[in-house]
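Two complexes are shown next, each including chain A; its partner changes from chain B in the first to chain C in the second.
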Partner chain A sequence: MVSNSRPTREDYYRALSDNLPEETLVVTSLGNASYLWATVRDAPENFYLEDAMGLALPLALGLAVAQPNREVVVVEGDGGLLMHMGGLVTVGAVAPNNLTILLIQNGVHAASGGQALTNAELDIADIARAMGLKHAENITSVKEFQSGLVPALKGDGPTLLALATEPDLDAVIPPAMLDPVVTKRRFMEAVGAPRYVSIFFGGGMLSE
Partner chain B sequence: MAREKTMKPPHRPSELLDTLKRLGVRLAVAVPDGWLSEILVRIEQEPSMSLIRATHEEEALAISCGAQLGGMRTVLIIQNVGLLTMGAGMVSLAQRYQFPLLILASYRGTPEDATYYHIPKGRVTEPVLRGLSLPYALAESTRPIGHQIEQAATYAEEASSPFVLLLGRGDIKW
Partner chain C sequence: MADPWTVEAHRLFKKHGIKTVGYVPDAGLTDLINACDADNDIKAVVMTTEEEGIGLSSGAWLGGEKAAILMQSSGVGNTVNAIASIVSSCQFPLFMIVTMRGQYGESNPWQIPMGQATAPVLRSVGVRVYEVDTEEDAVGAIENGLKMAFVSNAAVAVLIGQKLIGAKSFIADVAEEVTHV
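After this line comes the complex of A and B, so read on.
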């Protein structure tokens, strides 16, 4: 009987959920990356993107800078990363030690039905190291993933784990509609983000 | 006979930077432009602020959204061409999630700009902003720039929307 040589996205997500400290902030990219994570482990500390391909990583970078005392995990796809490869350069330059990038490397544009990537053979871990990330590793099994994840979440990043992944066969239906503004407000409340305080056309201030 | 005092006009880029500091902006995310070079260095030297130099304006927009998500007040500083290149992220991230981004854009390609090749970008900038339903204003050279920054920041926050202030050379070039 033929078995898949690579773990599925769900295999990795179950292991992530089992090893993730509660206070960790998680940003997920579009499509199944968000819908499956919302199914496996919905939490106020999750920020789901449903579109904006390629922008999960730079968004997570900004979040990591703003929340230096929280670990930030971002799940990005290989197609999304290729779309904004420059974002990895900026991560290397800013080098936030609290950022972990989980790259779902399935070799296809999964969210648009499995269409071919421009180049599915890149050694992304090698590229990430060249761009200045402190740690980068190619991962081919759940066991390796667990071994790589635990030290990554201890503030010694930025780290990239390139996860060899079997392409998803089906689109995941999320447990509930992901309202973008509700998602954002819920997240900001969870991290204790200061509220905006109006000043009559004086530009306002944040409450802290 | 009293000597007539000549009033030196205020240095508008300094006023702009002082206003950002007063508003509690702690992170500037930028992509370079010739008019912006010195103010970006000044921001780098400013202890209360950090500067991230992004590789692309759409990336810069997402970094700014992420920092706001984490509770930090931000400003995006770009050339107006960035308003053309960041369109997808603008609508599907910043507008869809209602991030109150303060965007300061050098307005290149206007008649005051001697660099002729910016004209194609200048002539489409405002039609594109209108097409994106993106609220914006042109900085007025006869009014203090600080107050206009405050108004732009107020608009962004109160409308839960990105807001663009298009800046002339004298507003931003140190």
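After this line comes the complex of A and C, so read on.
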């Protein structure tokens, strides 16, 4: 077994970008998951969740339910999954067919210096199937990733692809500050989310 | 006689366009959860833990929909970083209904510390807290909380007090009944 045989996060991201329909909504978790995606393919349809480790799945679930006619891709790490494994159970129970989970399985807490995970050897596809995901696959090459991704984006999910990945311990410098409020507003404009505006009549007094 | 707050809460969810309701069950929430579960226009999601609700609600809003989150006061402790991190950083709206434990007539000592901490903990991460002890106040706080959350991008929690929902009796209220446990 060759130790560096796994693709890098960037290898997967380039393939993702090449195969991603423009209107796809993408949620990325903290650290390089977001920094690198913003570098490879910044777009209004991206939401960079730069903290709250482990909560990218619940956030993407809420989004997938609210936007049933658009594909939602969420990139989470194996450390984040372990932190809130229950989030995957909820995804399996709600089972939105427009949600694809890309699980970067690098076996370490990359964003904090590469410390080993509690368990780096889990069969995540097996776990995902047991939790009710319709499709789940362990991926070890970019070619396998492309083969798994294309059908995943056709509304027959939820799908989880566990991507065996070389750890990337150096922080990628994103092209711009990923301001949380700006990111949110830009995203909501891109999906055409309604705005709720308070309108005051009568000198600004509320009637009730 | 007016409807119970749980009936009014469901009615207000409909009026204000709540489409997703995430919850971790609590006895005091049963009627409201059942009403949401039975409503085809509301996606009721039972979560494994309360912090999922903060992600769920924020994701729904990103997608253009309103969500409400229901939990017991002990679950508020699980939501702290999620609220501070996601809701405060991004200025997401948040609307929570929290049924209280450990507050008034509590008979489970394990519930008391978190019950006492619920309101100050929520306030410390920027949530506007309405503590209510009557049907009328509960309905008013839910209506106005929904307005504030989704028009002003505010984080709002309505805490339903044990004076209203009652104190759950795990062990007997009087010593003689302990033998039944």
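Note that in this section the second predicted complex is superposed on the first by the 194 of 208 C-alpha atoms of A that agree within 3 Å, B and C clash if a C-alpha of one lies under 4 Å from a C-alpha of the other, contacts with A are read in each partner's own complex, and residues count from 1 in each chain.
Going forward, contacts are C-beta pairs under 8 Å (C-beta built on N, C-alpha and C of every residue); 3 or more make two chains touch, one makes a residue touch a chain.
No experiment lies behind these values; they were computed from the predicted model shown.
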**Superposed partners chain B and chain C on chain A - clash or fit** = clash
**chain B versus chain C as contact partner of A:Leu160, first or second or both or neither** = neither
**Request:** Determine, under the contact definition given at the top, whether A:Ala60 touches first (chain B), second (chain C), both, or neither.
**Result:** both
**Item:** Partner chain in contact with A:Ala33 - chain B first, chain C second, else both or neither
**Value:** neither
**Request:** Give one of first, second, both or neither to describe whether A:Ala110 is in contact with chain B, with chain C, with both, or with none.
**Result:** neither
**Fill in**
Residue overlap on chain A between the chain B interface and the chain C interface 27, 47, 49, 51-52, 55, 57-67, 84, 86-87, 89-90, 93-94, 180-181, 183-184, 187-188, 191-194, 196, 198
**Footprint of chain A on chain C - complex, ascending** = 19-20, 22, 43, 45-49, 51-65, 67, 81-82, 85-86, 89-92, 150-152
**Message:** Help me check something: in the complex, which residues belonging to chain A touch chain C?
**Reply:** 25, 27, 47, 49-52, 55-67, 84, 86-87, 89-90, 93-94, 180-181, 183-184, 187-188, 191-194, 196-198
**Complete:** So, in the complex, the side of chain A touching chain B is made of residues 27, 47, 49, 51-52, 54-55, 57-67, 84, 86-87, 89-90, 93-94, 180-181, 183-184, 187-188, 191-194, 196, 198-199, 201-206, 208
**Request:** Please give the residue numbers of chain B that touch chain A in the complex, ascending.
**Result:** 19, 22-24, 27, 29, 50, 52-56, 58-74, 88-89, 92-93, 96-100, 149-151, 153-154, 157-158
